[in-house]
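Note that the chains take the letters A, B and C in the order they are written out, and that residue 1 is the start of every chain.
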Amino acid sequence: MTPTVTPAPAGSAASSSPSSGSAVRLRTPRRRHSPGRPRRSVLLTVLTGLVLLYSLVPLVWLAISATKTQEGLSRSFGLWFDGDFALWDNIAETFTYADGVFARWLLNTLLYVVVGAGGATFLAVLGGYALAKFDFPGRRAVFAVVIGAVAVPGTALAVPTFLMFSTMGLTNTPWAVIIPSLISPFGLYLMWVFASEAIPTELMEAARIDGAGEVRTFFQVALPLLAPGIVTVSLFTMVATWNNYFLPLIMIKDPDWYPLTLGLNSWNAQAETAGGQPVFHLVVTGSLITIVPLIAAFLLLQKYWQSGLAAGSVKE
Amino acid sequence: MTTLQPPVAAAEPRPAPPPPRRERRSWTGWGFIGPFVAVFALVFLAPIAYSVYLSLFRDQLIGGTTFVGFDNYQQALQDDRFWAALGRVSLFLCVQVPVMLGIALLVALALDSGRLYGKNFFRISIFLPYAVPAVVATLMWSFMYGTRFGLVGDINDAIGVSLPDPLSPELVLASIGNIVTWEFVGYNMLIFYSALRVIPNSLYEAAEIDGAGQIRVITAIKLPAIRGALVIATIFSIIGSFQLFNEPNVMQKLAPNAITTDYTPNFYTYSLSFSGQQHNYSATVAIVMGLITMVIAYVVQLRGMRKGV
Amino acid sequence: MLKHSRRLLRGIGLVCALALGATACGGSDDEGSGPKTVSGSDVQAALKKGGTVTVWAWEPTLKQVVADFEKEHPNVEVNLVNAGTGNDQYKALQNAMSAKKGVPDVAQVEYYAMGQYALTKQLTDLKGFGADQLADRYSPGPWNGVKAGGEGIYGLPMDSGPMALFYNKKVFDQHKIEVPTTWDEYVDAARALKKADPKAYITNDVGDAGLTTSMLWQAGSRPYEVDGTTVGIDFSDQGAKTYTATWQKLIDEKLVAPVTSWSDDWYKGLGDGTIATLAIGAWMPANLASGVKDAAGDWRVAPLPQWQAGGKASAENGGSALTLPELGGNEALAYAFVEYANAGKGVDTRVKGGAFPATTAQLNSQAFQNTEFPYFGGQQANKIFAESAANVADDWSYLPYQVYANSIFNDTVGKAYVSGTTLTEGLKTWQDASVKYGNEQGFTVEK
């Protein structure tokens, strides 16, 4: 009600924006861009291209390095190919080395992602919905406590967490990785924003008048509206789970339950011991294989997460 | 701290009044947020409570555990190594976060301007580094930083220059900053871009009628409109900077003399806990650090809400 | 009562339960006084009865040993887990010990790291198992290692690392440089090499606690004195001075490559001749053969350069033992496995796999000494290693908290490699930090 002080939400801004006083809602709702006919600019493209280059060069290095043998890695220039193209051999070796343990790690990671990231998304959706649509005692405290707790450095909490999990008999089991992955503070935040924009309260009330219970209202009315947000949050939690490293490092000692990141790390460390065999080429190829599924997921789900991130895109 | 909440909560979606206030206060909401809170309590609150408990004791290799009250806190407040580490991440925060968010914002504005060739390609490509695990990202960059066999070395050889060693003690903080920037520019860009995408056209039309130029549109419409996104990105970046750990930890193997075991507060607590077996003191430092982070995040949130209106 | 309340609380308030647990497991001096005893017949009975032994080790050759052992004792299952290399595993072990849960029956521990576990009685004293009978089977360095500066025997030596000088003969021949026999000659060789090829270095060193302590050991310095909970730390003896004087020259004149050992760059440098020598433990051949394949035939082994011309001093670099953590179980079976792997048939298996033994029988055998290494152009390198092993002084001791001390080596001594600080000053800082930590941990530290 006091637009000049009220902060703008991530998504919608109209009423709090200073120039909104003169807002006129007239024609051409289709035009999405800034005024002044958007002419394509070479200069701007080149400048943004620099950022693009910066983003891609290390990935190119990784992709090129994955085509090299262990010896080739040592002797050739990083950003160009070595004589023999060993990508397929490397991939094959990655999956067969040490009795094919890499495939096991891949499956473990999938398990952690499906259960961990899936669960995290579900909890974030429920929580965000509650924060956005219900007034309950302690509502204001919840997010403050979440942010506060996230501010405490995780490395120092690792030992207490380990001791707790050990007492509960969870260490060295998949649960030790999955349970901590279930919390995504940023996911909660996104869902909060998204739910408050995407679900018209009238709709919920209409459902209730029809006699629907809270659970049914949630699943039948709210959930479909939240779909784009859910895709977004699940992508973020997926990345977080997929790249999870520190906690599994402490919790999991049995290589059979390693996620990919830990497994790769153990291969990397193999070069550091007496009699160990350096397999940097497998580490590199394995790293590439590790990120490919994520990149594929991003590309495939692009349409959804773009609209999901734009909390409030349902309007106008 | 209880007033801390994301900017959006105060938003007032049109046309209805704020939804949170629509419902009568009841416990129904807990049914939905309960599961999150329960797991959260288990994996965050319980270890923190346990750490607070631990911080009141001291455990020695010889002599066992003794209750020491607030001695550990007193020690932490006078601990040069802790403050030096905090100073380092503060410097990092003041330089890296503005640079990263600045680049992210500029790219987001460029994408939103509609003046780019191949916009979609830019958008997805710049976002990709976010998918790379921090450990892998650091290993890749470390390789490129090598002055002997890495890219820096190759450049030196090729052009006959001698670039300074990115892993030297003077430059290593900047090198870490570069890695973090690389990892998160795309992520922040996307958050800003999405916020920009939903600014109603009506605003632009109004500006057009007023005859506002590009710059004016950006400063008067776009930036205020995405302020919420800016603030939350800043807060998460601050927390991220203060908890800097993975990158220096991985790089330490390659630059052991430039990156000490107390390089960042988080690294320090890690070393205390895992190399030194000083779990109690480590917990103390972590709690102090958490409090400092909270206060700063809170101040930023308050200031962010007020600024530029 | 404690047990009861713990169970009661487990369901609701974990924190409190843990708090109780933590206080309960704080002290470690509530162990029984005498060492455990397990006789040979106990071991035989256990082998017949069978069971599972969990072994935490990263040593690659153990895999085959486990397979052979299981074949010989079909009722026994050995669960071999690589819980991380070196420090990573110690962290895991320490965590498991704090939690009093998930502690392995057998754990690989490096000699330098044994003191802390031995002192806090977290490793089983194997005297009661008859391990003291095995004393003359091992060379002096490793045997000294498993005693960990105390009275007990806290493990059986698995491998050892008597030092030698590995050098790239091709590089030395190309620039017509003599292979050094003293450290003074080594410095001269370093200068000559640098002059001949500005991109080549005599060796790499960015500050490595393991290397520095080994060099001090060879130079006759004995910086650490340990007597139970009383320790002395002093880096100013004559041996330390000898070492720093020489090594300072290498650093000042930039004769050592700023490359971290075991990194990708390091393997590259070993392969392309820009890192020309390594003073390192005798376990290195396997790493060269698998990690630096391109340089096969280029490398040779020479005795470690001496501080005095004509001397024969040597030192250990690396090496580890298999131990029985106090909180592990299955002592009899665990000991049976350890004995099999480190004193019995397993030793030959591991030597065949590329490990370097700690047992004199193997070290002195003709078959071992006459082994020709194709990687070293057919050189019988084991002769040099075996001689080095016999010449290791056995009065060296590490700190009971050497793992921590080593972790801060680069924070302190490392400064000498990247700034104007001298090695002597760096060692002094290291000494002060180690003294401070020792005091904090309740040791009586004498400077």
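As a working rule, a contact is a pair of C-beta atoms (placed from the backbone, for glycine too) under 8 Å apart; a residue touches a chain by one contact, two chains touch by 3 or more.
These figures come from a predicted structure and were not determined experimentally.
Removing chain C from consideration leaves the other chains connected by touching as one piece.
Of all the chains, the one whose CA centre sits at the greatest distance from that of chain B is C. Centre-to-centre separation of chain B and chain C, using mean CA positions: 39 Å. Between the CA-based centres of chain A and chain B the separation comes to 15 Å, rounded to the whole angstrom.
Looking at chain B, one finds that residues 42, 46, 50, 54, 143, 150, 274, 279 touch two or more other chains. The residues of chain C that reach two or more other chains are 14, 18, 22, 91, 98, 264, 268, listed in rising order. In chain A, the residues that reach two or more other chains under the touch definition are 159-160, 163-164.
Contact residues on chain C toward chain A in their complex (touch as defined above): 10, 14, 17-18, 21-22, 56, 58-61, 81-86, 88, 91-92, 95-96, 98-99, 101-102, 159, 161, 262, 264, 267-268, 271-272, 281, 283-284, 286-287, 290-291, 293-294, 318, 353-356.
Per the touch definition, chain A reaches chain C in the complex via residues 70-71, 73-75, 159-160, 162-164, 166-169, 171-172, 249-250, 253-255, 266, 269-278, 280. Residues 42, 46, 49-50, 53-54, 57, 59-65, 143, 146, 148-150, 168-169, 253-258, 260-262, 271, 274-279 of chain B touch chain C in their complex.
Residue ranges of chain C in contact with chain B, taken from their complex: 14-15, 18-19, 22-23, 26-29, 87, 91, 94, 98, 116, 119-120, 206-207, 229, 257, 259-260, 263-265, 268-269, 274, 400-401, 403-404, 407-408, 410-411, 414-415, 417-419, 437, 440-443.
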